[in-house]
Amino acid sequence: MTEMPSSRRSAFQVLTGVFSLPAGARLGAGPTIAALVLALIVLASICAPLYVPYDPLAMDAMSRLRPPSDEFLLGTDPYGRDIFSRVMTGGRVSLLIGIGAAIVSVAVGLVIGLLAGFFRAADGIIMRIMDSLMAIPAILLAIALVALNGPSLSSVIIAITIPEVPRVVRLVRSVVLSAREEPYVEAAIALGSSMPKILIQHLMPNTLAPLIVQGTYICASAILIEAILSFLGAGVSTEIPTWGNIMAEGRSYFQIKPGLIFWPGLLLSLCILCINLLGDTARDLLDPRMKKREG
Amino acid sequence: MKFKTRDLSTAQRVLKIRKLKVGLTGRPDAQPVLNEIDLDIRAGETHCLVGESGSGKSVTSLATMGLLPKDALEVQGGLIDLEGFEITNATAAQMRDLRAQRVAMIFQEPMTALNPVLRVGEQIEEVLNMHTDLSKSEAKARTIDIMEQVHLPDVQRVYSAFPHQLSGGQRQRIMIAMALVLDPDLLIADEPTTALDVTTQLQILKLIEEMQERHGTAVLFITHDMGVVAEIADTVSVMQKGEIVESAPIRELLTNPQKDYTRKLLKAVPNLAPRPARAVSEKDAVLNVDRLEMTYGGGGWFRKSEGVRAARDVTFDIAPGRTLGIVGESGSGKSTVARCIMRLIDPTGGEVTVAATEISRLSRRNLQSHRKHLQIVFQDPYRSLNPRWTVARSLCEGPINFGTPKSEAMERAAELMELVDLPKDALDRYPHQFSGGQRQRIAIARAVAMKPDLLVADEAVSALDVSVQAQVLDLLDDVQDRFGIAMLFITHDLRVAAQICDDVLVMQKGQVVEQGPAAAVLANPRHDYTRSLIEAAPGRHWDFANFRALERAPAVEGPIA
Amino acid sequence: MFGYILKRLLATIPVLLIVAVFVFLLLRLTPGDPAAILAGDAATPAQLERIRDRLGLNDPLLVQFVTWFGQMLKGDLGTSLISNTDVVDMVSDRLGPTINIALMTIVISVLLAVPMGVIAAWRHRTWIDFAVMSFSVLGFSVPVFVIGYILIQIFAIELRWVPVQGYASPSDGIGAFFSRAILPSLTLATIYVALIARMTRASMLEVLGEDYIRTARAKGVRENVVLFRHALRNAAVPILTIIGTGFALLISGVVVTESVFNIPGIGRLTVDAILARDYPVIQAMILLTAGIYVLVNLIVDVSYSFFDPRIRY
Amino acid sequence: MKTLRPNLPGSRTLAAALLASGALLAPAAAPAQEDETTITAVMHSGLRVLDPVITTAHITRNHGYMVYDVLTAVNEDFEPQPQMADWEVSDDGLTYTFTLRDGLMFHDGAPVTAADAVASLNRWGNRDSGGQLIFDVTESLEAQDEKTLVWTLTEPFPPLMDVISKQSAVPPFIMPARVAETSPDETITEYVGSGPFIFNEEEYEPGVSVTYEKFDDYVPREEDPSWMAGGKVVNVDRVVWTTMPDNLTAMNALAAGEIDYLEQVQIDLMPILENAPGVTVEMRDPLGYVTIGRPNFLHPPFDNKQIRQAALAALGQEQMLATMQGDPEYYNVCGAIFGCATPLGDESGSEIVTGGPDPERSKELLEEAGYDGTPVVLMAPTDVVSLVNQPVVAAQALREGGFEVEMQSMDWQSVVQRRAQQAPIGEGGWNMFFTNWMVPEISDPLINVMVNGRGDDAWFGWPDDPEIEEMRAAFVAAESAEAQKEVAVEIQEHVMDNVNYIMMGEYLIPQARRDAIQNMIQSPVPVFWNMTKDAE
């Protein structure tokens, strides 16, 4: 996208910059609560096997679509499986997908981005390819990819990751490009530091802050995309409950059994909400000027 | 040197500040940013507010405009009286009314201070639309008129130009027109010429003076440049750490300063008298630059210029222990030359020979080993050190690159800290824990650590306050004597050049217009451009450090162009 | 200017080419055999083989690619393997609904989001700001189809204000169109509004810190003028950018929304095609969407110069 | 592309902007006149393939019955009846003579001739498994004159009339000769039939909607309609089939009166419709469907008979059906491989699966068979509502029965493609999948492809089962209904023992209609003749 002529920070901006606290500091309770809620959800999901009353896969034809009761906390689904057990267990996989996607895409994007940012030769080609990838709507690409290697957990993660990588690459690249103009990098050149050394020791650290932020966003959107994939019939196998495919299975029961969408939906939304909030806070704290969240 | 000596005690008082206290919002007991300052300005008076960065000059002006950044600063006491109107407790609406009509302001950065997406004409006219009910045509006429008053060329065209299409000087003229179009009683000028080249600066100063006479405006002029003060002030207030330490008529202050701080400040101001040149060494030159040429090709998405010749046919050499200064205004190509020599960019022509090796065409790899011969110190002390690295790591980076064992490098680093007199424990700290001056010392130490033959100082002191500037210049001098390093000193400030250079080379539009021993070039310049540069240097007749006029005033006397 | 546009258009060619190759390979590697789908339950291996031959699925990949690509350059996107109808017709039939919904969404989003963002930035760190931000984060957090179902439940089933599903083209009457397009558009808008509002706020915050804003205030300019005349135009570029890049999100959303509201648009067409391994359709659709995306962003880039005179091509 | 209509509002408004863009891009939409009656129906899936001979997809067959007509058709008692033609069989059972009735006409106005019929039968015979059997023994099939065609056999084929009159999966639809001459491997490109409805090609959007218009020149028979036999009297002007992404949407649309008819109602969701005014939920097809599991005979573990039996024991119909349908009203535990309500239906030897599940028995059998724990690769479609449950339930049951199960989820098209792979498991092969049939599609050994035992030429799973082939031969040879029944019982017992496939029981799918829709005939195939629509 277009680079803007960036105006030098004037005395005034420095002045205000000096005196105003980082935005995060004033968000107050928000992030704290978010962190707590998230921690709670994560913990609950991880520990799910310890406390859920039923095997999330155990079906009972005789007790299908039961209403919430002492026996089934949130009732049962069309297979007579305990919704509570499924939702709590589903959280693990959804979170796994989110975190997995985030880590993979950040890692891959970082490497490619550094190369693109520093080696002019590689830059052109890499960015063309990235542009192309970005031009393909993520969902369509993901569906195709899932169709490609079957709806296994790993392939879903890959399918979600690939469309995200270009955004990370762009981010890393732009950071590198601006950082390499910094006098301290030129000084390093003058001091005879080798390119790889400069790349790793001087430039890479600059990308970490934005990457952490980007990572949280990817994590959030990955969880969301997983749900949408399941909804479109290209999600994780129903044998592995995720918030996404629980909702997908429940879609046609929306009116007679809203719980099937509501509960996983609620947890999923809460979870993403918190992750996003924390992401914003992290962004404000780590790098107030990083505002671009590549669509 | 003649100063303004008008007596304004009878003139009516425009601004009266009493016991003004400004502090961090919501933190009344924290160290205040302005501590109970008093200030008076009378109609037609030019009152200069001088002080080093962070002394509170800008805050004073913003407070007077009622423009303090709400969420950061607030008035915590005292009063600001503008012709009987109390500003500190005015409503937003009242303030809006006041601005531009009775108090106006011009700022340091004419580029960022003008809205880049609106035509400058509109921006001036907007003032009229806001405060008067002139018809469209009247407003335009008035705008054109004021634009002519500020001597803008080709007013009709400029009227509908965008800021980025104008030169820095023109933009500042627009700002002035905008400020004075409703001729306010008080004009606040916050470092209005700092971002401009000397020649432009001179014109702007003249303009402000002219406008002031025409409209009888009182001017509160904020600057850090004693030269400027000497040129324009009726009265001066010296600020330090949020307080006004001394306030006096200009001549009094310059000839007979009362307070130590004022003396210290004045002593630090370099004057245009060239330093006594050092003995020409017989050793053969460390650096030979031969017909150096740098042409920036076009290409790149938005670079309109196809092939800018940033440097043409630049030839010079420097012997060990001597200092060559390259002076010139922005865009003269002086920094390009420096970067070419450092091979931060690859020159498109000519030769650069360092320590008997021609490096202008060496491949990056082969260059590596020659890097240690030449080192550079950058302008911006805040960006020239990796903020994530300890000082020690920065200092050791170079030597380790050239195979010095870590321990040895560390010892060396420690010595260097002494050399640039910083405490040893500074080694384990991070750049942000140091002041600008200290960082620049560290940067110098880092360069010296390589035991280079040539040290390039690219505007190395331009970003520093005068007092700090003096210290750093001394340090450079000292380092040079100690290691016999040859130095290439890039600066736009003739005074600084005069202080440190043996030889001077004047560049204009990428070409060398004059070069020779500093004394010769500065004392009797042969080239018009050099002359205009010297003549434009404000307060050049005054030897601030010794509180007297310069007996051997440089360059020709007479009316300033 | 036109030189620039031309340059950009040329620059899109490699992009689309890469997309084409990528998609082509992707599909040929995807398990799934249109022949088997066509042959149906009672097919014997022999029959399958004959059908594969007829569909040219047995030719070497390169041959298949060249033939397909050659035809495509001639504007012939082939015929659907499954329904045997011309892909161009299929697509042109399906394009209308999607484009209309998308347009309506964009209009709604911009009308809502930009003022939201501006106000949030202006009243930075007040409850308004907090409200706007929370909403926008929420917009990211709820799956599109859930929003869709909720809207259906409320407005179509409980209140019976609008039909449950379906689509009517504006040529069948504006009323019919709006009554059916409004819910899908709102559904899509939630995430888009969130995106644009965030970016508007962020961008405005940055701009409001600029010197010329202070200058404007120093001129005694009224606050609303400061916000909308001085600030917004300067903040426009990143906002436009996000509208452009967000377009990808929009397309993704469309895919889902169309199946929730049963709109015969290209989104459903593509998903169905993928699930049915209808190669020509998938290739055409992904190229098309990619093309649209690239084009939209080109338009966005060009429109920069309209908001910011410093940008000239 | 449609051009802009006149009388635009002010071009500045959003409305106009959208209208313009929309109208420019709007697909051609021919608004129906007020006075004609249109029935909007949501069918079980979208129509994508228009050639009823080349695929067995139900939706395409249903399309076939709208647009095309058949020579003869079985009635609800499975008795062949004349439709386009009457027939005579020579005493030696070798010669069948068909005589077309008067007034038969294609939609393009051309009369239907015996030649058309011959061409159509030939193409059908090439694709249909039953048809192939007949053509194996066909001496000649030719048109004697405009109205008469003669089919001569080399040896008697008593069930011939049953086969060509069958309702599913591929009935011999009669097309114009020029169309019928299309290679049986290519889909036809001209959609002209002599059926009661005309296919409207302009308004056809594959997978989304298809429109049929009444064929005014169609001459129905006098008899009352019974299944596909009898008079096909059309009382509406247009029939529009549309697809809906999910059952819920469709139901809401029906409840809101946006559609008239919903072919399949998801049992669990019926409450929604039951309290909706003006909607009737009912059974159209009392025979319903069967759901079955098919093992792959080529690869372990199911290449071992005992292990197949173990699977049979491990699975239980009740459990499976209850999960699929919920309400016992709508399923029927039935061990008869030819369907419980059909003439050939018989449940002998099926207790093990009707009574099941019996994990213990399964474990024993596995024990005896020395099952080495080879995982059963079970293909599980994720995107076809009527097929998602079976594998999930089965996987669970098989595990309890001591099997290792690897359930591989994929979309249905992947299943369709994978099940055709004979390759070993490692190379994309499979062990088991589930599918559904309409009862008439499995109601006798010739129609029912799963009892075909011809190895590689058999249906997916490829059992090489000479015994069953003998039995089928015997069935073909059988002169009388009684004789046929006897053979059928043998086959039933054999299948239960050899586990050619696992009968998981019968289930019923109700349909729903606005009350305005009346006089719909009972039939496995939803038909739109005889149907009337009152003004609501």
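As written, the chain order gives the labels A, B, C and D, with residue 1 at the start of each chain.
By definition in this document, a contact is a pair of C-beta atoms (placed from the backbone, for glycine too) under 8 Å apart; a residue touches a chain by one contact, two chains touch by 3 or more.
Going by UniProt, the chains are A, C = Peptide/nickel transport system permease protein; B = Peptide/nickel transport system ATP-binding protein; D = Peptide/nickel transport system substrate-binding protein.
Since this is a predicted model, take the numbers as computed values, not measurements.
A count of C-beta contacts for the chain pairs C-D and A-B puts C-D on top. One inter-chain figure worth recording: chain C and chain D are separated by 38 Å, centre to centre, where each centre is the mean of the chain's CA atoms. Chain A and chain B have centres, each the mean of its CA atoms, that are 46 Å apart. The geometric centre of chain A is 21 Å away from that of chain C, both derived from CA atoms. Taking each chain's centre as the mean of its C-alpha atoms, chain B lies 87 Å from chain D.
Within chain A, residues 2, 5, 7, 10, 12, 16, 147, 150, 233-234, 251, 254-255 each touch two or more of the remaining chains. Counting partners per residue, chain B has 71, 107, 109, 112-113, 116, 164, 302 as the residues that reach two or more other chains.
Within chain D, the positions touching two or more other chains are listed as 246, 252, 383, 411, 414. Chain pairs that touch one another, listed by label: A-B, A-C, A-D, B-C, C-D. For chain C in complex with chain A, the touching residues are 14-16, 18-19, 22-23, 26-27, 29-32, 125, 130, 133, 137-138, 140-146, 149, 153, 157, 195, 198-199, 202-203, 205-206, 209-211, 214, 237-238, 241-242, 244-249, 251-252, 255-256, 259, 270-271, 274-275, 282, 285-286, 289-291, 293-294, 297, 301, 304, 308, 310-311. Listed in rising order, the residues of chain B touching chain C in the complex are 65, 67, 71, 92, 95-101, 104-105, 107, 109, 112-118, 126-127, 130-131, 162, 164, 175, 178, 302, 304. Against chain A, the residues of chain D that register as touching in their complex are 246-248, 252, 266, 268-269, 271-272, 318-320, 322-323, 326, 380, 382-383, 385, 388-389, 392-393, 395-396, 407-411, 414. Residues 1-2, 4-5, 9, 14-15, 17-27, 29, 31, 46, 48-50, 54-57, 127-129, 169-170, 185-187, 189, 204-209, 243-246, 249, 252-253, 256, 258, 383, 411-414, 416-418, 420, 422, 428, 435, 449, 456-457, 459 of chain D touch chain C in their complex. Those residues of chain C that touch chain D in the complex are listed here as 31-33, 36-45, 47-48, 50-51, 54, 80, 82-85, 90, 92-96, 99-100, 103-104, 107, 152, 156-157, 160, 163-166, 169-172, 174, 177-178, 181, 259-262, 264, 268-269, 272, 275-277.
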